[in-house]
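Data first, discussion second: the structure below is written as structure tokens.
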Amino acid sequence: MKAILETARSKNVHVPQTNKRPIHLLEEKKAALKIAYIGGGSREWAAKLMVDLALSPHLEGSLALFDIDHDAARENENLGAEVFSHPSARTRFHVHATGSIDDALAGADFVVISIEPGPVALRKADVEIPWRYGILQTVGDTTGPGGLCRALRSVPMFQGFARKIRERCPSAWVINYTNPMALCTAALLTEEPKLKVFGCCHEVFGTQMMLARLVRDNWEVPEPPRQEIRLEISGVNHFTWALSANWKGRDLFPLLRQHVSGKEFFKDRSEDAGRARSQQRWFDHHGLVAYDLFRRFGVLGAAGDRHLAEFVPWYLTSEQELHRWGVVATPISWRMQRLRKSRQAPDKNSALKPSGEEGVAQMEALLGFGDLVTNVNLPNRGQVPEAEAGRIVETNALISKNEIRPICAAAHPPGSGELIRRALTQQRLALDAALLKDSDLALQALMLDPLVDLPLCQLKTMLEEMLEATAGQLPGWDT
Amino acid sequence: MKAILETARSKNVHVPQTNKRPIHLLEEKKAALKIAYIGGGSREWAAKLMVDLALSPHLEGSLALFDIDHDAARENENLGAEVFSHPSARTRFHVHATGSIDDALAGADFVVISIEPGPVALRKADVEIPWRYGILQTVGDTTGPGGLCRALRSVPMFQGFARKIRERCPSAWVINYTNPMALCTAALLTEEPKLKVFGCCHEVFGTQMMLARLVRDNWEVPEPPRQEIRLEISGVNHFTWALSANWKGRDLFPLLRQHVSGKEFFKDRSEDAGRARSQQRWFDHHGLVAYDLFRRFGVLGAAGDRHLAEFVPWYLTSEQELHRWGVVATPISWRMQRLRKSRQAPDKNSALKPSGEEGVAQMEALLGFGDLVTNVNLPNRGQVPEAEAGRIVETNALISKNEIRPICAAAHPPGSGELIRRALTQQRLALDAALLKDSDLALQALMLDPLVDLPLCQLKTMLEEMLEATAGQLPGWDT
Amino acid sequence: MKAILETARSKNVHVPQTNKRPIHLLEEKKAALKIAYIGGGSREWAAKLMVDLALSPHLEGSLALFDIDHDAARENENLGAEVFSHPSARTRFHVHATGSIDDALAGADFVVISIEPGPVALRKADVEIPWRYGILQTVGDTTGPGGLCRALRSVPMFQGFARKIRERCPSAWVINYTNPMALCTAALLTEEPKLKVFGCCHEVFGTQMMLARLVRDNWEVPEPPRQEIRLEISGVNHFTWALSANWKGRDLFPLLRQHVSGKEFFKDRSEDAGRARSQQRWFDHHGLVAYDLFRRFGVLGAAGDRHLAEFVPWYLTSEQELHRWGVVATPISWRMQRLRKSRQAPDKNSALKPSGEEGVAQMEALLGFGDLVTNVNLPNRGQVPEAEAGRIVETNALISKNEIRPICAAAHPPGSGELIRRALTQQRLALDAALLKDSDLALQALMLDPLVDLPLCQLKTMLEEMLEATAGQLPGWDT
Amino acid sequence: MKAILETARSKNVHVPQTNKRPIHLLEEKKAALKIAYIGGGSREWAAKLMVDLALSPHLEGSLALFDIDHDAARENENLGAEVFSHPSARTRFHVHATGSIDDALAGADFVVISIEPGPVALRKADVEIPWRYGILQTVGDTTGPGGLCRALRSVPMFQGFARKIRERCPSAWVINYTNPMALCTAALLTEEPKLKVFGCCHEVFGTQMMLARLVRDNWEVPEPPRQEIRLEISGVNHFTWALSANWKGRDLFPLLRQHVSGKEFFKDRSEDAGRARSQQRWFDHHGLVAYDLFRRFGVLGAAGDRHLAEFVPWYLTSEQELHRWGVVATPISWRMQRLRKSRQAPDKNSALKPSGEEGVAQMEALLGFGDLVTNVNLPNRGQVPEAEAGRIVETNALISKNEIRPICAAAHPPGSGELIRRALTQQRLALDAALLKDSDLALQALMLDPLVDLPLCQLKTMLEEMLEATAGQLPGWDT
């Protein structure tokens, strides 16, 4: 890590510069940082990570890609070679694909996990079986019947990763990107409570950007960078909320209240939804669901509408109702198609562009290159007053050298607080179902699901069908 | 109270008899017990109370009936004269109707409250408007949209009662029978926290009787009296649960588990429901909903199926589904018809029969005629671990002379615990809506309701319609 | 248990008699009740238990006495023969001493534990070593340095008992009488969480009797039996408190306030203490410490002054100060002397007298012979709001057939509540010290002890001396 | 505030620069910052604040000094003139003394409070009366009998300040420096819950510096600036603890453990104490008390030894024992003497030196000149798991533009956790005593004090003497 440290410059305002010499004396003589990537064949996340690493002036080292689809990892190895040799790259990482998770992890400083738990075809079952029972899911990877089944197959995989990490790199920082975020993260810590794990998600960034545009439009200033929008985050991943929001110390909630009270604000957006569908812009939305939650509870939903809508019973009552809010469900066909596209090497003639993700910034903060205040998923120790100790919650946190400390959120209003507690109980039941391979607990998790409004016998049949469809990924179950 | 005390005989096993003389010296020289009845024109509850009083060997005194329908109170006055002069009556109470609530309350030892909040016609609105939006309610007086509107009009009435009681009889024991039980009781204590208030409901007795029959049928013994079935109660009124059950120390849950595992046990009971409808037996049920909750969560629903079904989303998805469980919704037409029947004096030729209600037994216990362990509604001080302090919960309690102390329940399993928390939050929002006359909070209460599965704009329209229908009983609202 | 059941008569007022036949059918055909007594050589407690059993009309069976001092158990066997053949005995128990704890426990319905943990000589060390460091203890068996060392040697013994009970009679009710009550009881449940354990102590009875005399003296009535004094108990054993008190529903606290406000009430009682010492009446006291706590905190200490004084720093600052309150420390010499006295058979010519203890009444209640409301030591599940879940606390409880359920206490005032929390933390540290055989934790427990006001180096030296003195009873410690 | 804003440069690393124009548009057109200083005659704190302000490149405006000793405020006005005209001053503040608190507060952006509650002579009584009863206090301004009496007279003053602030500058940030910190801060918020109040103290800085020297000595690096020592702070003011400590991500606790295990580490330091006394270096200490707490509990006391020692019973058993730890009590005579010294204008020929205090840095952070992570006193919202909601606790916090958010601390070990809870309960009782002017509650606060080991009658007499001595500052008391 010598190279890294030599370039270190504390960006923390209130921490004066210290002579750099002692660090040399103190640090172990590692040649460089090692990052292990589980799910290293990932099409999207691996590429983004490599570009961001390439743009970091602070980091240098190697990136080990492990994937059960070794070919995909090899493709990323090739892509990596191009990224780090790009003219605008500021550093080098040696990227190599390996078929051995043990080799990938051995001695790693960071472990990044972004996997697809099981064949993508299963996502089809996750969404299509419930749809036959009248349950519409916009995403189906976090909560709802789809999220549940995805959790059931992911949890044992993450238990396995946890054991491997403890063996091979017990003091590494482990960053999970995989959904269902809360449960995959919980699985790691349930298996190995001493690992240094946190979960990262970019949904809150979208809320920041939405508010940045609001600031721009209302206060006649250029659009501020999203980091200037300070949110007081409290919730569970994809069902995060901002209890307050400010830009440069100015409370944004009065502005928001005025914004959403416009006569046409909540008008029917079915046309927009139709256009998004025909143009395959699946992620388009106006934030109307987030704003509607704000209108009703006084606190702002802080994730994309596709995710928020799955945690409450009001927006997914029909496709028509969903479209009315300007939101469309992501089709599975598109997800499967996307897999067949080949990876694109970066254009040599234009500069590499930062992905907008924060993983590399977090690594830098953990390595001591300046504090970072952001939002992450961590076990609750009091930061979310509504949650039991130990449940995985999403709040702001302060990341500094080798530590992450959650920042206390205020209490939610009773209504939104209850919705969060419900989601947490559902997650607890789903986690226990996965750990104990118990379909009765899985049924209980579904029974509490806000998207579910079925007679219990139908619900049970639906669950059985789903478990059967995903049975190949549920080793040890009695189904 | 002299006469009463002279007949006093402590039934408490472990408290040896004491010389009665000191009591004479100690007690104030009251001629007799005074009971005030708010809603004293009540057709059913007043008659039951008078019969039970007439059968008590311990009590004697006067019963003041106040009702805004003074004629109804007068009818009960007449009925009372017949009850207490009945050959099998063991004591006398002077029953008189009064048009003044102040006179009724002045110096009372007990206050009983069982009122209809507003014209019965409003119950029609409570049930029929939601039905037009697809929301089916079996009762509509506790939770759901109907329970909410009923709460909105009851709470201010109960605030008024509380003020009157504090002025006229601040140390009386106040027994509430009115639904929504939890919110009417909460309204009294919110207004006057020092009153000695509790709420009573007979739903748990039905569960005890159901289990008594089970004991009879499985263990070849005569049906035990319901009091021998000991339940560990924890929940909110009408959504009460038994966390354990025993008869003479024998755990009944293994028997229950065996009972419900019979192949045909949960078979379709639509035919029974059809028969109940044609015969106007609206309260018939097999306890299948209670047993289904037991099958799913491992703890037993301890109220009638009509009530339990309204607290969860699974049984009221359609009339057909409801009937499948052998349950029918109580029609409002029947409720209105019933009001037109005249009161029936007791037959002189047959003995008065105890009503099966427990109000008089509770009064006896509070007067020192032996301890009573039963279930009541009280502010939470820890007896329901899932509930915040102060919320009105239903658990077992020990009633003894001039005091009621709740008995601690164990923790619920996570699933049923979450359902209770949700009901408590909904009630909190409904209470605040009523106290603050705030339709936004009323909407939030509805949003959390498990029977609600509507787009929010429809929900809001429905609420507006309901508030308009009940507007005459919502003084001070801005609707 | 046939004989027992045939004589059964439910004393519970509100539970009507049932035909007795079914019970015959239901109950297992046990010849009789079996009680196992660990510490069966006990001089005082075994004799009391046998007399109370002999006076019970309900119970019949055998009593197995196990003691590591087999001769003492044999002496009690002989004593038992005389007790149960006494003319006034109402039942028979076959009493036999056995050298095998396994035989004693096999198939027992109840297990009673009252042991002396280690040679009595160690009690000398428990008291005398601290005294050399200026720490005065009145009893030294519950808290303070003496209570700590006694806990350290008791806990492993009770862990052993728990394992044996689980093997030999896992569904027996286990009643612990041994001090330190809270920690011995905790040790059983820590080792075997599923055992049905509770702890019994008579200290609260003394408070009831004190108040009964107060009622007699102030209200000119005969002294009521102690059971008529209803206390709302909340605390830890020997540091129990009454949050309220009534007799027949009348609040006793106003009377108490008047009582303690007498000018001479708290006058110096050194003379009484001197007299008690010269007459060897070690347990005499006026309850002045209990009343002083009442005067200061508004809630009443509900144990003997000798015990209460050890939980706070104010009364044991010197022997002189202690005597000023009319209390004397129990000398160890007397305890040791007492052991040398031989057991006295009951006088054939006068009736057996109930001991005043409650163990047999509790067994009767657990066997279904009527409910009993009393105070017992149980794991906290919310009954003491100040305590963490699981800590052993003392409150009221309802004992009925085969179950014990704690009754919720109100919150303490902040001052007394804090004293209880401190005692609980101290106990937690002492328990962990014993379980982990860790002298650092033992030191922490001492550091929190209110009797301790020493420089830490002295405290550490004192602890080392005490551990050395008791080392023979601390197997596995590194001292 | 225009001038200020024009110089604004966000130091926050992860918040990219934004075009400055919009800020002009957005900010109100205030000429400059206004700081009000209550206790503006303060000798030490006012001087430090003015120097730090003078060195800030960001701030500019006016400083209004209010003091009931108007002459003292005038002297500071003069001193201020010299400070801000000093050649090394980087900014100007207009300093003016005013006899009107209303004028001082009107429109202030910040309010600083550092007062002496009552004549300094009362500090003599605070310390000397207890000393006559054998209670030694090293400082006597925070806890112990001295801290209690100081709280009793401060609380009503702070209630008065709160009312004035609400009237004159309700959205000002209020920074309290006065001891007892927790109670003065609580008094402000009890009176006016909506004020933006926090409390500041430099004691933790001393711990950081102590550890910085340790790093220097053990790792052969130059002494790091204290801000590089990151502590996880959790406790109450002056009884703060570090639950963990790191320097640049390296855990310092293993180093500390090694450090304190040196054979001579805890040796008798009486000689040092003697030397400190003869040289009047009252604040000298080696941190031995902090380290001893670390040795015993595994977490580090994070305040000066003089303060820590007052919160536990072990170090102040005698002067000799205190000196053994290398600590001396601050004599009151010295405090009084110091008051007579005249203020010293800064030397024109050498640069102004930063005071080492953090108030100005906090103001800068609140104005948006970069985030600051530090430790402050705030109402608990979960950051200290041991404390009730709302109690004033000291933890880390993130200060950013117009907001302060506490950072969650982990749970304490049980032993130190209990000590904190005790201190919090004592503070609660003292606060209630002050608010209700109730000497019984004051006595309860003393009864819980770890320095108290007296018979209650003596304690009561002592308290009466103290209340009498301070009676002139206790308006409305019935003493």
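As written, the chain order gives the labels A, B, C and D, with residue 1 at the start of each chain.
Following the convention adopted for this analysis, contacts are C-beta pairs under 8 Å (C-beta built on N, C-alpha and C of every residue); 3 or more make two chains touch, one makes a residue touch a chain.
Remember, predicted model here, so these are calculated numbers, not experimental data.
Peer 1: Taking each chain's centre as the mean of its C-alpha atoms, which one ends up farthest from the centre of chain A?
Peer 2: Greatest centre separation from chain A goes to chain C.
Peer 1: Centroid of chain A to centroid of chain B, CA atoms only: how many Å?
Peer 2: Going by mean C-alpha positions, chain A sits 48 Å from chain B.
Peer 1: What whole-number Å value describes the gap between the mean CA coordinates of chain A and chain C?
Peer 2: The computed centroid separation for chain A versus chain C comes out at 56 Å.
Peer 1: How big is the gap, in whole Å, between where the Cα atoms of chain A centre and where those of chain D centre?
Peer 2: Distance between chain centres, rounded to whole Å: 41 Å.
Peer 1: Listing for chain B: what residues touch at least two other chains?
Peer 2: Expected reply: no residues.
Peer 1: Going by the touch rule set out above, what shape does the chain contact graph take here: line, ring, star, complete or other?
Peer 2: Drawn as a graph, the chains make one closed cycle, so a ring.
Peer 1: Every pair of chains that touch: which are they?
Peer 2: Going through each pair of chains, those in contact are A-B, A-D, B-C, C-D.
Peer 1: Help me check something: in the complex, which residues belonging to chain D touch chain C?
Peer 2: My answer: residues 292, 296-297, 312-315, 317, 321, 324, 414-415, 417-419, 421-422, 425-426, 428-429, 440, 443-444, 447-448, 452-456, 459.
Peer 1: Under the definition above, what is the set of chain A residues touching chain D in their complex?
Peer 2: 11-16, 18-19, 21-23, 25-26, 219-222, 224-225, 227-228, 230, 232, 246, 248-250, 361, 366-368, 370-373, 381-383, 385, 396, 398, 400-403, 405-408, 410-411
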